[in-house]
Amino acid sequence: MEVKTVIKERSENAEKVDTNKNIVYRTDNLNLWYGKDQALKNIDLDIYENEVTAIIGPSGCGKSTYIKTLNRMVELIPIVKTSGKILYRGKNIFDKSYRVEELRTQVGMVFQKPNPFPKSIYENVAYGPKIHGIRDKKIIDEVVERSLRGAAIWDEVKDRLKENAYGLSGGQQQRLCIARCLAIEPDVILMDEPTSALDPISTLKIEELVQELKQKYSIVIVTHNMQQAARISDRTAFFLNGEVVEYTNTNKLFSNPSDKRTEDYITGRFG
Amino acid sequence: MEVKTVIKERSENAEKVDTNKNIVYRTDNLNLWYGKDQALKNIDLDIYENEVTAIIGPSGCGKSTYIKTLNRMVELIPIVKTSGKILYRGKNIFDKSYRVEELRTQVGMVFQKPNPFPKSIYENVAYGPKIHGIRDKKIIDEVVERSLRGAAIWDEVKDRLKENAYGLSGGQQQRLCIARCLAIEPDVILMDEPTSALDPISTLKIEELVQELKQKYSIVIVTHNMQQAARISDRTAFFLNGEVVEYTNTNKLFSNPSDKRTEDYITGRFG
Amino acid sequence: AACGNGDDSGSTPEQQNTEQAEENGNTEGEGEGSDDLAQLEGEVGIDGSSTVGPIMEAVSEEFGAAAPNVKAPIGISGTGGGFKRFVVGETDMSNASREIKDEEAQQAEENGIEYTELEVAFDGISVVVNQENDWIEQLTIDELKTMWIEDGTATKWSDVNPEWPEEEISFYSPGTDSGTYDYFNEVVLEDEPVAKAATLSEDDNVLVKGVQGDKNAIGFFGYSYYLENKDSLKVVPIVNEAGEAVEPTAESIESGDYNPLSRPLYVYVNNASVKDKEQVYQYLKFMLENAGDLAEEVGYVRLPEDKYNEGMETIEGLR
Amino acid sequence: MKLIDQNLINKKMGGRIALNKTFNVIFLIATSLALIVLAILLYRIFTQGFSHLSWDFFQSFASRRPANAGIKAALVGSLWIMAVTIPISLLLGVGTALYLEEYARKNRFTTFIQTNISNLAGVPSIVFGLLGLTLFVREFGLGRSILAGGLTMALLILPVIVVASQEAIRSVPKHLREASLGMGATKWQTIFRIVLPTAIPGILTGSILAFSRAIGETAPLLVVGAFAYVNYLPQNLMSTFTVMPIQIYNWASRPQPAFQDVAAAGIIVLFIFLIVMNSVAVLIRNKFSKRY
Amino acid sequence: MATSNSQTVRDLIKKNKEKRSLLNGVEKAVPIILLLTAIVSILTTFGIVFTLLFETITFFTRVPILDFFTQRDWYPFYGEPSYGIIALISGTLLVTVIAVIVAVPVGLASAIFLSEYASERTRRIIKPILEVLAGIPTIVYGFFALTFVTPVLQSLVPGLGFFNALSPGIVVGIMIVPMIASLSEDAMSSVPNSMREGALAMGATKFEVSMKVVLPAAVSGIMASIVLAISRAIGETMIVTLAGGATPKLTFDPTESIQTMTAYIVQVSSGDAGYGTTVYYSIYAVGMTLFVFTLMMNLLAQYITKRFREEY
């Protein structure tokens, strides 16, 4: 109940554009500390279904920290402490009873550096279904193919599924990681600078892919490339020193930022 | 003799702006291979005295490779092979008789990630003079102070010269590395993305520093931040796939690029 | 079967016999049941002296050919180490290069272990010097003692006999924890400390090398090590109780002329094992029948025949 | 205003470069020194023992006659000991390493375990022999069996394996773990399916070196009670046994000079064993080292 | 088709979630099992301490502990035995010091060569060969010392006894060279390349980089490797047994024959001493002393690693 009222209140304050969309993630007064250093300060942020949400900001502003909080990966660092709430589909992920494995099954993640497992291409994609107890070889075969197709890499690898994933180029590896993530059919995909280590052509491919994926998934993407954010996202959050300076419709943010700092940043005054 | 005619020919083709300036580095048909992969292709590039020369281009285009060739650091990778010439102050640095230690004494380098030695701040700066056989404590003390002042970090560290350099923040470490480099009074300073790991304020400080340093030194700086290149450099080279696509006056390159690919890049179409 | 010892001036008849028997997959030409032996099973636990070890290894080697299903491995934990296991009943037999000590005997009694002592062969402790040593013809036990004890009176050859050169003697002795040393200590040193200058080693081959390379050296070790190196060492005849200088040879040791430096080697057996374990009994029987030949083959000296028969009777008495 | 005298620098440059060259040679010589020793050692042993090395040598048991003496029992005994030592030390070692690296929090207790392990790594092997004798041979009543010997050896090399495995586990890139956890894998799934397979080359190279040390150890097995003469092959874990180094020691202390050659031949066999094991380690290391 | 299967996968995962209790059980059990394996190492130590302790105590009921530490002679086998551990300790230390003098310069030089000068290929060939050297059975080294090194030394050093501390010291040194070389090389290789680049880019020669940047940065790893090697040298048994002689002696003259603690244990445990005699118990007291020695060395190593660790 409490949750619902909060949602209503907020929706009224928020931009009126998308109130009819479903909220996937609601971040509510989130604070995060690495030991004594506060990396996130009073974050309030709603993420909507079937949208691409971009997070931009200079290095060290907390982008990665935030996105890793969404699937609680940030907890792998023992000194991390949080306060506040993150509601995923209405349930607080910080609740004791919330099983983090379940959360992470629903919320996939793609990292800055492609990080395939040192296994075959096939095994990389099959990994998710397998750990979730799917044994049926037929189903797995199908999942692998469908995921690789979904990540627009099937044609390039279909003849060498048994080869080691490290034989692929960086861009292919990154798409493989996306495929791996698609294999368990998540609800949300988090991407942390997925193209920053890639060449222009691979970057383009992944940008296209993101556009396609948003039909079925909700996507949160961190990027330091403002043009990229402008090109592919529906909504953009600008982070600075652990705070959300501005969060709004992408077009609006880039054409008519309401905060001076946003303007300075997008015009390349710093960062 | 041959060298001189080449210089003349080239100067005629080059932009007419700066022909009266001294050439520090002349790169002449440089090719470089990592094993079988060619990373630099037919590079011709002149670097002028007391200027800031920026090198931009997407990831993997060979920026770092090029700048590391200028002080022959690239040779630390055993599989590297080169052809062509680089004339530093008129002498080919690839000559058998050319002593690389001497070259590197004249040509300082600042790296992407600050890399101070795990020693005290003082020892970091004193390192260069000491290895070059300067023993006089007084002179060293003076060199240390002047270099730290030169790198705009003296005030921040003067009370803790004996402390370990790793206690400094990233931006301070980077300025310390610049100070270390200044201590042996080089002729040229090479900088490989010196601010990419730093916060906005440190970045600003270093940009200001570069502007100041160019009074006394010639500076080559690699950056992926186009605004930075535009702000601080006199001349910019745009690299793509190991080739120099365009090399000209910075203002011209950013306002009126003559190559379509340059335009695509600076407008954020890729990279 | 190829006979390995090329330098053997000729095999004894018994030896040939053994080899033939081996070829026939048979043991000694004793009339009694080789079939019995072939069917025999079980294990014989043997440990103890490294000096006696080679004899017992030879016994086990031959016994193994006759009774392939009996396991008789040999441990060489040293006489003391062997008794340590023997007195708590871990082993059936313990090889020893000295008699059991009071402490050990007491331990055995506490643990209810009754045992019998058997002699299997002689070892003649051989005193040797470098081949270039041309001054020594013989030594008495007293002279040996003067040289070897640590009382500071004799550090040079001339201190022992004024006619001998005025050079430092270098001493080579087995390790102070070996049976050989123990015996020498008892008979020659009479429990006084050995010369501090002495070089001690656990490995007798090392002593051989030491004496070979040092003109002023004197050393002692087991007969077999002298025998194998007699061409490069000079053995010193020792004046025996009867006043004659005697060199260690198979004959002089067996006959007892080489005294007091010849010593018996022992095997201690657990009485209960002989009684309860057929394989132990058979092994002992086999050992007493063949020990003389085998001991000679590995460089020791056989006992007079009636000693073995005596042993056999004792064993039969335990059954 | 120039404080740095470029002339001085240039003048000194030649000397510094020469110094560098000199030390390059000195370092090279130092490295070769160890290799030369190895070469001398190998040469001496091979020239002495090679003539004795034949098929029969592997086919025969020890004998009082040098010509008949073979290494069969010792070779098989060593294999049996390793068959006990390898799985047990690997299980315990990798388990401990996983616990310390993946589960244990940094607290006094884990520091204690860690200190303890590095301390055990320095305890002389003969002390382990005393432990094995008291614990396995006596207390557990295993007697002088392969099991007792193998367990003693397992404890002896355990610390080395723990340290090697920790190193290997630690060097599994964090991003692989993150990738797996990020897909909803549990901790153990991540460890079992990602961390361990990735760390295995490192674990194996470290461990194989430890195993080859175990193969060459004499002192602890002497104390635990390996036999010096065995003329049958072990049949099960409770069998009595001998191992190669003890057999070699036994031969080398025989009076007959011919046994010295037999000992050398035994050493060659031991060497071949060692080199095969080390090569496997190197192969594994080279095969997997470029990955990820 | 695809959509129907899509349902299947999500549903399958959901369904499997429900019967995940088994997985949860594993998840809970694993750390406990692993903890148990970790405890084995502690038990081993306790085992060692207890094994040694009881017999050591028996020993000290017969030989006053004060005598053990203050007497100068170790003569356990004579009518009036004397148990002054100092004589054995001095033998051990003598051998160890010689080994360290040989091994540290050679080992460090090899490490520097491999990590800083050698090509990747050379390193890949030489390192495993060095490791073979570390794996050679010590009895082989022992005979090598006795039959090769000692005669060679005797022709160089006049008056060198057949048994001496020098020869086994050198050979033990050779034996621990690979340990120092390999571990120090690891420590030096893990010094980030960026540091080398920083120095080289200032015109430093490789030698200067090695000595002034890499060595200091790797000093904790190097010290740890040396201390480890020292404890290995202290614990080395067969080499000193074969080539060191068996005469315990308080001396610092490397040409003399000596006995180390380990050699004494071997001598007695493969020797003649009767079970239950004082000599028999003395090996446990010596073993205990050795254990305490290595313990101290290790604590020292830990202290050094902490103290000298460079932050980077």
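To keep things simple, chains are lettered A, B, C, D and E as they appear, and every chain counts its residues starting from 1.
FYI, a residue touches a chain if its C-beta (ideal position, glycine included) is under 8 Å from a C-beta of that chain, and two chains touch if they have at least 3 such contacts.
Just so it is clear, the model here is predicted, and its values are computed rather than measured.
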What is the touch distance from chain A to chain D, in steps? 1
Looking at every pair of chains, which has the largest contact count? D-E
Relative to chain B, chain with the most remote C-alpha centre: C
For chain A versus chain C, what separation do you get between their C-alpha means, in angstrom? 83
Approximate Å spacing (C-alpha centroids) for the pair chain A, chain B: 36
Geometric centre distance via CA averages, chain D-chain B, whole Å: 49
Note: chain C residues in touch with at least two other chains are 50, 76-77, 203
Among the residues of chain B, pick out those that touch two or more other chains and give their numbers. 101-102, 105, 131-132, 184
Return the residues of chain D touching two or more other chains; collapse runs of consecutive numbers into ranges. 16-17, 186, 189, 222, 252
Residue ranges of chain A touching chain E (in the complex, touch as defined): 102, 105, 129, 132-134, 139, 142-143, 146, 183-185
So in the complex, the part of chain D that touches chain C is made up of which residues? 61-68, 143-144, 222, 225-232, 239-240, 242, 250, 252-258, 260
With touch defined as at the start, can you tell me which chain D residues reach chain A in the complex? 173, 175-186, 189, 193-194, 197-198, 291-292
Which residues of chain A touch chain D once you look at their complex with the stated criterion? 71, 73, 76, 101-106, 108-109, 111, 113, 115-119, 127-128, 131-132, 164, 166, 177, 180-181, 184
Show me the residue ranges of chain E that touch chain A in the complex, using the header's touch definition. 2, 5-6, 8-10, 12-13, 16-17, 19-20
